[in-house]
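Chain naming follows the written order as A, B, C, D, E, F, G and H, and within any one chain the residues start at number 1.
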């Protein structure tokens, strides 16, 4: 899995007697993971992908959440738990008193190992108030990964002036996350006005033929404005990761 | 099936001896139809619903099309054949030299039995050039049913200024038909700017996850702007009928 | 977003020194909205579309519902909250004692700022008793937007005489809303007997292969009677808005 | 697979020395089939189910069709080939000059081994002219299996009087097959007026959201009139078999 | 809605002065229904279709259930409430002490107005123990409509000998209802062995890709054995009505 | 259902007078089942298929579970109840104190009638911690049917090194079960590295467009690595049965 | 990607000076592939997975097919092209005169580099004559990978005796492939009679609600007989690979 | 639609008498479009979004394609026609002799108005040879919009070494487009190894349960690796636009 350059150096060290074959073998095989029994925390992910492992809280017990958070924290990696209920947070906080709950985003974080200066500019736009939890998850994730992030909520296409009045603000973003449920038209309208990359997040808001967000998802995939990319329904976290990765480019 | 009022008059005529029971029976039962063997043309439909029977041409033979057209024409009703190919038209024209082909709308009409003055104002808007055949079918149908009809094509959401520049024109319509494929966002944007009733027509334009127009259909059904109503995919004819019925209200 | 006519007048005022550029700018940009923090109430919608913003209650907290209702009421606009539970109503009533609960329609209204005379004639027809909540939502919305509204419930196709006996009453309507679940056949039967525009509302009533109303939705979209238009599953509110908009035409 | 009664008799014959074990074995095992290499014709089906094997022609070569027809004919069983093209018929006729083509039903039959008197009464009703091929397949199959069969075509719900005028005729049937595409409402309306069993056949007629007949299929499965049973889309043959089986009951 | 024969007699009575036009009008219009405010009980259905109205209990209040049951009982019609919970039954019983609860079928009945002798022979077969509630609903309905009914449960295709051992019993039925979830293969296997009409009932038993019974439904619609007809998922009631209607034929 | 060889011997015994016809008849008909009233336990299944009947616990009452377990135990067959809740287990244990609960696999077993030596080698691999319950069900089933079974959990494709580091261990398996939700990519990656048969189990883990496991199911069915076979969503039990059957081959 | 054992040996050779670091690097990186420009033939797949690369012919040009076949043949690997049309074969044969066309399986093979003795026993069963092309693809693939393979065609569940008569033959197989379209019931029936592993192959045979094989696929995934595994619709090749891999186990 | 800054300047010019109200009005309203009758070419799109209008060729006539190309060329904008057949190209070339056909990408371009230096680094990776047309469309689009673009084809997950051997090359990209059909696993594997943003493109390659690319689409939306974004099935053009927009960031 390693790069030829690293491999070559290692082989030269073996050839030069500076590294025993067994040690080289171990390094070639070293699992970059922390085996907690019920989970193998991928500690190499941050180095490999710039995104540490993240804890998806639904269905996990509090001890499991705490154990993974501790393993990541011990490795001096940023810690984020998504879709956490207030009850989960309260229980987690007993073991990890520094844990912070972000209610609108339904997320738990631990203080970063070192202060990080936010850079660049990400905008997170959403269509209606019901879409805010997903938008907040995107915005929090984006900030947690180091991006300066601007929120613009409740600017749906039913009243276009709300959007048009914020065009200037919108045009300052390097990348824009657009969150919408129901007919999912907002990303098309936004992307038709900007040159920045647009990431569309369908939400499950709607009823009947919204099919729990499938209508919005299909609309976004079929946008008449080219260049929009899409993440899974309600996946604010994924959009935040993508936005931060794009925002990081220099 | 008749109204009590008519029924009562008929019964009084029978009671008064002005009408024989057998004749009354016949009138109560008279099939308002022309039995062509392969089809029973519903000649009462125009009187009942203000829309005569219309010939959906795909899968029909030319003699069948001609026979139904003749039956309707003989009953002095307007004649419209939809989704007709140029080949069908050329063959029909041999038997019905007055027949007119509307290429963009893929439709055949016969001259109306009497000149009709167009009234009211219907607008037909479409998003892209590929949506024009469906939009034309809607516009032609609307006119054929007596509505003055205004066409505004290729004004999709990717370039909103094209739509905004036509707002005045759009606001003159009593009812607006909006035709769009792909993500189907245009009806939401239009309806958010108007007070007229909006009828949305999804088209099968798009590829992959458009699922032959299902994406646009779902988007329109889930519009965040209340009051939009929707017809079947590519159903310009149905939208034209609905628009004309609404436009007719006084 | 404004009309050329208004724009021209404004520009002439600027040219004539009657309006300072900054003031003109402000008027061109003025957000016609009330920013409540969690929501931007679109106060211009009533003027633009004849339908004020409406509060969809599920998932909203009572303080949020109350705040939006107050903002609308303060702007002298009619107030409607849909899909409200009795519990939400009771809590809302503590803050807004004038609020009225419409149990069958699951809706909350505040008294209108000024008495309104109902005009025209809308009919709301439904197939079975289980469809009544959706039909009531349509009827209440229609009345709330100023339409005289007639209810005809439990007249499904399983016993056609129930419908036929009401044909006279039905024919008095300028526009008819037809609500049905299961196989969704009622709109086709009704529309085949009338000339008024018909708006079909599929409901999620049924089980198994009704797929939560998708069967009825598809049936209505595929009606053999042309001119029927359709709204989302269970969307009585949308049908009421559309019916009122059509009923308003003169 | 045989019945205990037969089994017992056979075993008693063996015990009584009237039947050799090997012969008994052969009878217990005899494959009631004709192995043509590419197919094993199930010659026992007629005896077991009252319906002989039937040849579904699409995708079969003419020699295959002819071979199966000959095997069935040799076993003195009625012969029916469904969904046959005119080209297939012409080629078949060269080898089997007695073969008859039923154009509307797209079927080939051979003359029955012995004349059969049609009994009972099956009605086949269809909604539109485009549904006739499926209705004809049902009617032909029903007759081929011995049922007197009455056809009533083009009596869709868009013009209810066409159906109501034929109620008397309809009420004479012991079982009614109702064929409809688009919104598939006709079976509900028919079944609401009759006490005979109703078999509904959805057709693939329609476009857009008819989803090749799925809309009609779902509508029929969800009928508000209890007791309707349904067959596969376009499956006139299956409906004809079911109708004949029901009609046969005494 | 009436037959020509009745109409003619009535018109002759009017012509002969034996019946006043107004009375004739009333008879032509008389709603054969009992208007309970929330519902119009179709009292003519039993006469028209041999099946009285039936109360689908989910979502109905106890007073509603009691009122409809009383209206039907007063009209001397058989009374059946389907999908009733034990709690609904207990509450109903307070008002209608004669009410009987059929636990396995989840149904409530009132004693028939007059004793009825069961006739014919219906068989209800089911694949697994989880399918029993649906099978019992079919069997109870069939008996309630006058059919002698035989139950054969837990004879799925995983152990074919269980089915084969009951072939004799099965062959005595005039019509067979086959209930199965999961892969829905049982109707095909049963129908391949019998000549009686087979009605297939898919159930929602299964998980994952059973899609709540859609897998079984599709399988039954696609059976390789012709003549099987199908009802909606879990619709034991509909199958029972169909079976009784077929069983009634002489 | 029996083999010709057995049949021939039996018939010869009858012919030789060693077996009375009635006894032979009984043996030909003997139901290999235990009729518990609500269920017919298929006691022949173990002999026929090497897998005894298994009790799927959801929806069953405790007395039903206990009765079937006792019937199987009395026939000296291994006993397994799947998808059992802790509450069901506790109640079962009161009647069957030897019952063992496997919490991770949500299963109940009774001690085997005789000790069994595990043979061969099955590997069960899963992608994430949320997939463990399904993986454990597969592993437990495989062991319960006599296969030595190796578990390798949390080795998803997001961190390939975790998988690659275990390739040696993986290559020791005769058959590999791979459990994954979300995008279901793990089976393709595993199968591309091995020659052993791979059984893929999609899980319902994921949200939005995972459609409760349908996304993973489709991915596995479409793997670009040939030879992967797939079971139903969350069907760890089925995968365990298949793996044990393959592992048993010599 | 290599095993630790190989890695260790290589590292020891480097340490011992027997292998230059650059050579070791090359061996660690050597692409086991043949880069043809338009494709990288994976020559290591046979060694890794026991199945060489196979050419899926649709959409490939003849020169592409020939080039890949030559690359594989040059590496002394068996060559198989699937879904080849007769036209493709004729063109391929001009360049590769040894190529053999298997018409029923729609496949092209080249003579194996060395004669192979078929071992074990695979059975391929199919339901109807229309399923034969898929069954033949499975059987040919299985043989091409070294498995002795027995074909049993046209033994569908509509006539169970055809299957039961072949039970002995079926029980000789180590693994059984069952191919069926329409309702896909055959695998359940077969697996309920055997202890060998069963691989089910749904085919796209059927019409209407078969949804191009989805009905059969769902049925097979939901079989009530545990242990059946499933491949993609019409994927005879995949089933053959899986069967050969299982058959190979000792 | 313009920015406040521009608006303010314009208003100040009007106030200062430097601009007549009518001219200001015209500038506020100027349609940035070229009305060709059948289409309104959005000439402002390049300025607004950095992507000029692009011609989707299917369904367009050659004169239409030529007219739009000329309008864009006259406005000195880059010209791209996608999904063009060779026949369309040959006809276009007669009118526009400079037109270039990109066969693998199925695209037509005209020479850019001025030479452009490619910058940054985009990688386009695809899984199989059948995915190349979509990958080429993405790569060509990306280059046409100014991005240096690297192609890496046929590196699917069935042979991971092909991918791993190119990791260095892959890590040089600022953004990676990953194209895959069938199970769509490649984006997950690639994204798990990189920190660059990954855009996934599902293709319609596959058969049966690939559902024309829906399987790959769902898999990509559900990737366990966070941050992957997705475009429509076969939408190489959209992916190229998104990649170029991201690559452009500084």
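As a convention for this text, a contact is a pair of C-beta atoms (placed from the backbone, for glycine too) under 8 Å apart; a residue touches a chain by one contact, two chains touch by 3 or more.
Note that this is a predicted model, so its numbers are computed, not measured.
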For subunit A and subunit B, chains touching each
C, H
At the place where copies subunit D and subunit F touch, is the share of residue numbers found on both sides over half (same) or under half (different)?
same
For the pair subunit E and subunit F, the C-alpha centroid-to-centroid distance in angstrom is 38
Would you mind pulling out the distance in Å between where the CA atoms of subunit F average out and where those of subunit H do?
49
What is the distance in Å between the mean C-alpha positions of subunit D and subunit E?
25
For subunit H, write out the residues touching at least two other chains, lowest number first.
1, 4, 29, 48, 158-160, 164, 192-193, 208-210, 214, 217, 221-222, 225, 232-233
Could you tell me which shape the graph of touching chains takes: line, ring, star, complete or other?
other
All touching chain pairs, where touch follows the definition stated at the start:
A-B, A-C, A-F, A-G, A-H, B-C, B-D, B-E, B-H, C-D, C-E, C-H, D-E, D-F, D-G, E-F, E-G, F-G, F-H, G-H
Interfacial residue positions of subunit B with respect to subunit H in the complex
129-130, 132, 153-155, 158-162, 164-165, 207-210
Residues of subunit A touching subunit G in the complex:
4, 7-8, 11-12, 14-15, 17, 20-22, 24-25, 28-29
Using the touch definition from the top, list the residues of subunit C that touch subunit A in their complex.
1, 29, 31-33, 38-40, 42, 44-45, 48, 56, 59-60, 64, 202, 204, 212-214, 217, 232-235
Contact set on subunit G toward subunit F in their complex
1, 3-5, 45, 48-51, 54, 164, 167-168, 171, 174-175, 191-197, 199, 217, 221-222, 225-233, 237-239, 241-242, 244-247, 249-250
Complex contacts: residues of subunit C adjacent to subunit D
127-128, 156-160, 182-185, 188-189, 192-193, 206, 208-211, 214-216, 218-225
